[in-house]
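Labels A, B, C, D, E, F, G and H are assigned to the chains in the order they are written; within every chain, residues are numbered from 1.
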Amino acid sequence: MRELLESVAAGELSIEQAEAELAGYATGETGRFDAARGSRTGVPEVILAAGKTPEETASMAALAVETTDRAIVTRVDSPTAAAIEDRLAQAHPEATIDHTDRSETLVIHGPSFDPPTLDADVGIVTAGTSDAGPAGEAATIVSEMGAHLTRIDDVGVAGIARLIDRLELCRSQDVLIVAAGREGALPTVLAGLVDVPLIGLPVSNGYGYGGDGRAALSGMLQSCTPITVVNIDAGFTAGAQAGLIARGFDTARSD
Amino acid sequence: MRELLESVAAGELSIEQAEAELAGYATGETGRFDAARGSRTGVPEVILAAGKTPEETASMAALAVETTDRAIVTRVDSPTAAAIEDRLAQAHPEATIDHTDRSETLVIHGPSFDPPTLDADVGIVTAGTSDAGPAGEAATIVSEMGAHLTRIDDVGVAGIARLIDRLELCRSQDVLIVAAGREGALPTVLAGLVDVPLIGLPVSNGYGYGGDGRAALSGMLQSCTPITVVNIDAGFTAGAQAGLIARGFDTARSD
Amino acid sequence: MRELLESVAAGELSIEQAEAELAGYATGETGRFDAARGSRTGVPEVILAAGKTPEETASMAALAVETTDRAIVTRVDSPTAAAIEDRLAQAHPEATIDHTDRSETLVIHGPSFDPPTLDADVGIVTAGTSDAGPAGEAATIVSEMGAHLTRIDDVGVAGIARLIDRLELCRSQDVLIVAAGREGALPTVLAGLVDVPLIGLPVSNGYGYGGDGRAALSGMLQSCTPITVVNIDAGFTAGAQAGLIARGFDTARSD
Amino acid sequence: MRELLESVAAGELSIEQAEAELAGYATGETGRFDAARGSRTGVPEVILAAGKTPEETASMAALAVETTDRAIVTRVDSPTAAAIEDRLAQAHPEATIDHTDRSETLVIHGPSFDPPTLDADVGIVTAGTSDAGPAGEAATIVSEMGAHLTRIDDVGVAGIARLIDRLELCRSQDVLIVAAGREGALPTVLAGLVDVPLIGLPVSNGYGYGGDGRAALSGMLQSCTPITVVNIDAGFTAGAQAGLIARGFDTARSD
Amino acid sequence: MRELLESVAAGELSIEQAEAELAGYATGETGRFDAARGSRTGVPEVILAAGKTPEETASMAALAVETTDRAIVTRVDSPTAAAIEDRLAQAHPEATIDHTDRSETLVIHGPSFDPPTLDADVGIVTAGTSDAGPAGEAATIVSEMGAHLTRIDDVGVAGIARLIDRLELCRSQDVLIVAAGREGALPTVLAGLVDVPLIGLPVSNGYGYGGDGRAALSGMLQSCTPITVVNIDAGFTAGAQAGLIARGFDTARSD
Amino acid sequence: MRELLESVAAGELSIEQAEAELAGYATGETGRFDAARGSRTGVPEVILAAGKTPEETASMAALAVETTDRAIVTRVDSPTAAAIEDRLAQAHPEATIDHTDRSETLVIHGPSFDPPTLDADVGIVTAGTSDAGPAGEAATIVSEMGAHLTRIDDVGVAGIARLIDRLELCRSQDVLIVAAGREGALPTVLAGLVDVPLIGLPVSNGYGYGGDGRAALSGMLQSCTPITVVNIDAGFTAGAQAGLIARGFDTARSD
Amino acid sequence: MRELLESVAAGELSIEQAEAELAGYATGETGRFDAARGSRTGVPEVILAAGKTPEETASMAALAVETTDRAIVTRVDSPTAAAIEDRLAQAHPEATIDHTDRSETLVIHGPSFDPPTLDADVGIVTAGTSDAGPAGEAATIVSEMGAHLTRIDDVGVAGIARLIDRLELCRSQDVLIVAAGREGALPTVLAGLVDVPLIGLPVSNGYGYGGDGRAALSGMLQSCTPITVVNIDAGFTAGAQAGLIARGFDTARSD
Amino acid sequence: MRELLESVAAGELSIEQAEAELAGYATGETGRFDAARGSRTGVPEVILAAGKTPEETASMAALAVETTDRAIVTRVDSPTAAAIEDRLAQAHPEATIDHTDRSETLVIHGPSFDPPTLDADVGIVTAGTSDAGPAGEAATIVSEMGAHLTRIDDVGVAGIARLIDRLELCRSQDVLIVAAGREGALPTVLAGLVDVPLIGLPVSNGYGYGGDGRAALSGMLQSCTPITVVNIDAGFTAGAQAGLIARGFDTARSD
């Protein structure tokens, strides 16, 4: 403790870093960043840009880099990405920024960030091209948690041969995330053919009654094969739980 | 016309029969029976017992037999079946009554009823045992309209091998009705594998969010393979439209 | 097989064409095109632009032309139409493109495309001018499947004389698609007057409670005359099933 | 005032009667009866039995007879009817009780009750037998308000000839109440054919999506012909407003 | 008949006018105009611009003027108003156009239009400034049908003194339309204080649960005082039924 | 601590009492009773019988008496009341049990229970007789928390004079709970006339659209006068918060 | 009275001021301003800009300043703010305008406005940065009513240590407003730890099923700890009721 | 194969057993039993009694025992349990039947059944007594799949100390199932405190808006800490996926 305070006094440690180490969270201009979340829950704190102004998000992202050498931001639109890039260019010019338009995710790694690796395989399966956004959000989190990631795309049930052709690849994963919109039947069908944990990720395409992912969500919740589910378009949530399962396997394998 | 009135005067024709022939419908104690519906729309008038008292339904059924030599009643519970049987025992003791508990249908044939036959095949496919009720209601109508009926039961997508094993039988039908509850994925998957018209029939099993057939209905409406749909548990509607398609095939074949 | 591989080696057959012939589907940059769907299900594969970026849709459309000499795209907005036109101008300059604004459909025919024809009549009936979009989408698919198409427009039940005046034309069709918004009563009324299969197509006009087509959809599902239904604005689905029924009639007539 | 108090003192006027005359309402054991409602709003106060215990309803009914020489009770089940009959037998043995099972209404007239009459015609139209309950509730109120009532039953749109046959009768009414369940299309169609005020009364039959009268209600609210609407099964409300319109006609005619 | 055809031959009568007179409706480029609706139902045909392109609406409006010397258009946005004005400037330069922004209505009177007048009073009551749009739409129709119109604005229940101060004015009307958003309590309260027919018009303000007029609609449908209701923002519907009631009173008074 | 353990060893203190004092909660056969809730949150722990078996509820009630000398149980049906009475007769024969049918509440006081009193007035206002259940549940909690309770019943807005007559009584309370079903307008109207905190309590009467209290809830949430709200029929919740406000006033007054 | 009329005649009092003093409300160009609401209900009249045109809102704001020396406007977008500023610059150039973007509130104080003060503490607690808008709206009203305000931000349950660290501050308030979106668990958890009145304020963030604040609202209504609730984003309502409770404390303390 | 057929011929193997071994499923009187599901998906086939008649369920249960030496049945009411017991007493008198009322599960083990064991810990956490049913259903499946099960009951967030006291036990599990009704906040709070996979199980208690588990489901789907979710009361689904995760751990540990 004394050591830490001496570092602050000496200017070697910022106030935010010191607060994060002592309290578990750091206080910035626009909110608190739960820096201890990664070690406490196994899932790094992620900043949800939706519902915040671009400036608020940028400020939180900088605070994240300041205290944990990394920031993961989801639901990033163009003005928010620009605000983050401006802010980082000033505060942390040496950091690398990776912004993916289709999945609306943005990841920042500080220069001394040390990426984790897990000895476990996560497969992300999609029914079609329209599922690319939420599947990409899930992929980002899975990768940031260190699991080995395999993408198995465009195997929707309208042409079931496409799925059968990739069944062995599905079976060889430790855990599967299966993204589908419209009627969302893919996770139901696939769960009847594999023996690994499977998380259904409903996607907000489709129109009319049951549109915006509601049919997919309710179909997955009613699935005649047992699967767990996350909210519509909740790629982060699916990825984080798949990452936790992968983390457990990694630990079990290294026992 | 004069002839008809003379028959009434002579007591050879009841008032109801005469009214049905002149106006297209007959008026009983509790409502009108649309006796001309069969010839006008190709689908015989069916009496929906739900929402009527047992006595009202029995009265309508007797009126139907009186004017068309047949009565088809759906959603028949036990008190209604008893009321019909009582009424018929008095009014038309020679008629045959066929009441099926599981599908809640009741069919009466008068002694001179001449059943139609169509040169066309209707297949009724079910996902599981719980779909027996609505599928049975559909089967009743299809049979009464005269089509050749094939049942293909218990081929839900949880174990897709069961479906694959019966695919050729499905493909050989002229039209398919596919009944499924829970997530209702079976019609979607099957429609990607056959090239005949397919009517999805959602069934009201399942619980929680999307229960009571809502997930099945919305999934079928959102299906990534094109199918038509009827309301939850609407076996009669599915059967009647399949019967109309069969009727068209019959005509086309006899051209 | 050997022949096919020799064609690829000789550059006479593209990799996509060969893959489509062997596996049933072809893999492009942004997804797989189910080239075998037409022969397997009787309905050509259709690309739904909604939920895809303009570039993804354009890439899929080019792949469709490459493997089946035709592309059918629905829910096409202006940027997507432009992206497709750009792409085709480069890849298949000899193809003809037919883009209809009101129905948001776009059809491409390659130079060697041989359009199918079916000996069967499909009628598309609308209640009013506001139903033009979904009715047009249905018309496109019906035509592409080769059926003979008749439009019977603007016969909503508010002035029932308009409907009565065209009843014989309705009765002479092999199958009817009936599009209506607001309370959606037209298919219910018409189905009580004709003896051919009838598919209700609810349209998303109307406002307030039951708006956006929900009243029309629920009214058609509850119809006191038996009809099948598709989702709100699902012109493609209605057209594809009408096309399948027409296809069956065509086969039956040519037996 | 003094006179009134003298009557109370003399036992010629009950406390309840006196309170009703002074304050406009009377206070019983279980609530207040708004005795002045009839003169204030033109619609007599009606007791809704649903949500009250049989004893509470019986107590209110007695209070109504006490202060206005009449009680009108809706949604009366068997135990409630029995409780009212018991109570009245003791308190007002000379009153006449009219309880209708199908419409769940109960009307009590005290010996000195003087029924109103209006010079105006109210027509109540039903689509089918299942609409008898709410239509009967409406009929009770219309009659109690004194209008001349005509029933036009069983003219649903599935067989539109039944409606056309009774069109002139419909046109000759001053105001129409049109009851329908399922898709509820009858008021929409009828309002396009008559030029009198028309109130749609949705009925809670039908099942699945849009069941329990929801499709009928939303269809009537979306109707492409302008009509006003009351809640599902709200026969009393429809009857009361039709009665108020009839009352206006009566006044206008007697001007 | 011969006379009419001679007029067409002589160019004195357009084809549209002749068709309207013979068939009851006229066919333009984009739909049919139900010219006979006014005489058949008492309510003039109104063109709903929502769901039509500006050009379609303009074409229908011109057809309306051509056959009935008047056009009434609702839900008119700026591009539609411009399209109508352009069209009319060419086709009927002598017509007067009255476009009201707040209520999104547009009325055209041809030079020989003869406005109707009814001996009856319609009151339109609003809870607040936000109800101006739908109330204005109702006012337009009431006026075009010829009733005498009184506006009673800004008397919402939050400050009930404002309502009490105008109660006599409300009571002196023949029929009331009462517009309210949010919780929509005004028609309920007012209907307990007046003895004339009352139509509730729910307005789509308010946010969160029950927003967009849903709380107002459901509250009016549940009202403990009996009122009829129209859909959310359905000013035209409320006005047309109020107009029909006024029309009946006018007839009764002139008897 | 030592003292407490000695009491247990001596049999003077039950294990449950000791656990409750040490941990804040006591563990019985079927769950834990949060004995410290009263002192921690100001609201005594209440046992919700719904969702528990009669035996589970009875066991929890006995545990409550054991540790806090009182039990308050809500949503008590007849079998549950019987089970509690049986259990208490054995375990705590000296306790008094107060079971109110209409509000489904049951309160047990042990012989040494010392009831709290607060110097603050809570008014409970109801629109009609049907609101008696939830209003009674609220009254029970308010009384058990010690506030002075005033009931102001049957003042619904259908006859607004009844409300005006009792306005001064309403204004003299420190806080009001206002219960109403159907359209639930009473709290909105009353909140425009008083200057004390007001909690809306929607009641599950009413039928059709917005029935079961949904219209009342959404109307109160949308109220044009500011009020807070609790869930449908949540009398306990309304009473507990009114009690907390009363508790604050009591403290402020005794400062 | 005479005095007041003399002031008007002398031009010392505007017509609006005189009307407000006599009738309780003042009539402007676009509506009535309930000037007496503050004294009648304890909560100043607030102008809701949503649903009004910018000009209507500006006119109402000027009328408010004219009659009560203050205007409070909520849901103010940029065009509305500009319209108000323009209007005030002309009509009341000496007034101060305070417009807060994040909470969309605008407050105007005339030069002679005398702000109230209450001896009571209101705490506003937020789960995260996304709750800033509605929390800010609540804060504006609380301040304008004169209570002492404390903000306790960013203490959501995902990292419960942040909440525990500020528990004593929460406990020391007289009343709490707790704003949360997503699943809205914060008020439930906090209400189990404090003994002061607590108002839950659900916030419209979150997406998919239960998005737009619906999960937060329903969770707060179902809370296993008793809390009162306001509508989604209804900061004004929460603030006004907290202010009324504070006002009661102030009175109690000054007794 | 030949061997198998010889066994059938010799009567050593029933037809059902032979079919199950060859086709993967066995056909009984009322449906097919997917005997291969356990080896194919890792989760044994479970019979859902809801939607089946008691006789159908009993027949399926006997078929399950016949082919896999075990039957697991969920949603078992009393008549169904009786039918199964009758059937088993005749067909498999040596089998043991374990029927749990509270969770409505019934498990049958044949005499030669060899229970699996997994080296992995599954914790099932409940908020309160009302969650016992679904939690028990989950426990049954987890046990039947062979995982080590720990119950952590009655730790709802209303008294958060109860949860904190058991946090280490929660953290030591390999995977958690967390059951909660009402607002369902427990899984959200717990997921912020542990670093193992967590499955939320919403329970259908609660009433009013968000009742029947809807608030719990939507709150878990919106949770600000990432969790996966199953449908309301879907104990089997939660247990099966937890079992699959446990199975993965078991494999990883034995590598």
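Throughout what follows, a contact is a pair of C-beta atoms (placed from the backbone, for glycine too) under 8 Å apart; a residue touches a chain by one contact, two chains touch by 3 or more.
Note that the structure is a prediction, hence the values are computed from the model and not measured.
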| item | value |
| --- | --- |
| Between subunit F and its twin subunit H, rotation from the CA superposition, multiple of 5 degrees | 90 |
| Chain of greatest Cα-centre distance to subunit E | H |
| Chain located farthest away, centre of subunit A as origin (C-alpha) | D |
| Distance between the centres, which are taken as Cα means, of subunit E and subunit A, whole angstrom | 53 |
| Centre-of-Cα separation between subunit H and subunit B, whole angstrom | 38 |
| Shared-contact residues (touching 2 or more other chains) in subunit F | 37, 40, 128, 158-159, 192-193, 208-210, 214, 217, 221-223, 225, 231, 234 |
| Touching pairs - complete list by chain label | A-B, A-C, A-G, A-H, B-C, B-D, B-H, C-D, C-E, D-E, D-F, E-F, E-G, F-G, F-H, G-H |
| Of subunit G, residues touching subunit H in the complex | 127-128, 156-160, 182-185, 188-189, 192-193, 206, 208-211, 214-225 |
| Residues of subunit E touching subunit D in the complex | 37, 40-43, 174-175, 191-199, 217, 221-223, 225-231, 234, 236-238, 240-241, 244-245, 247-249, 252-253, 255 |
| Residues of subunit C touching subunit E in the complex | 102, 128-130, 153-154, 158-159, 161-162, 165, 181, 205, 207-210 |
| Subunit A partner contacts - residues on subunit C that touch it in the complex | 23-25, 30-32, 34, 36-37, 40, 48, 50-53, 56, 60, 202, 204, 213-214, 217, 231-234 |
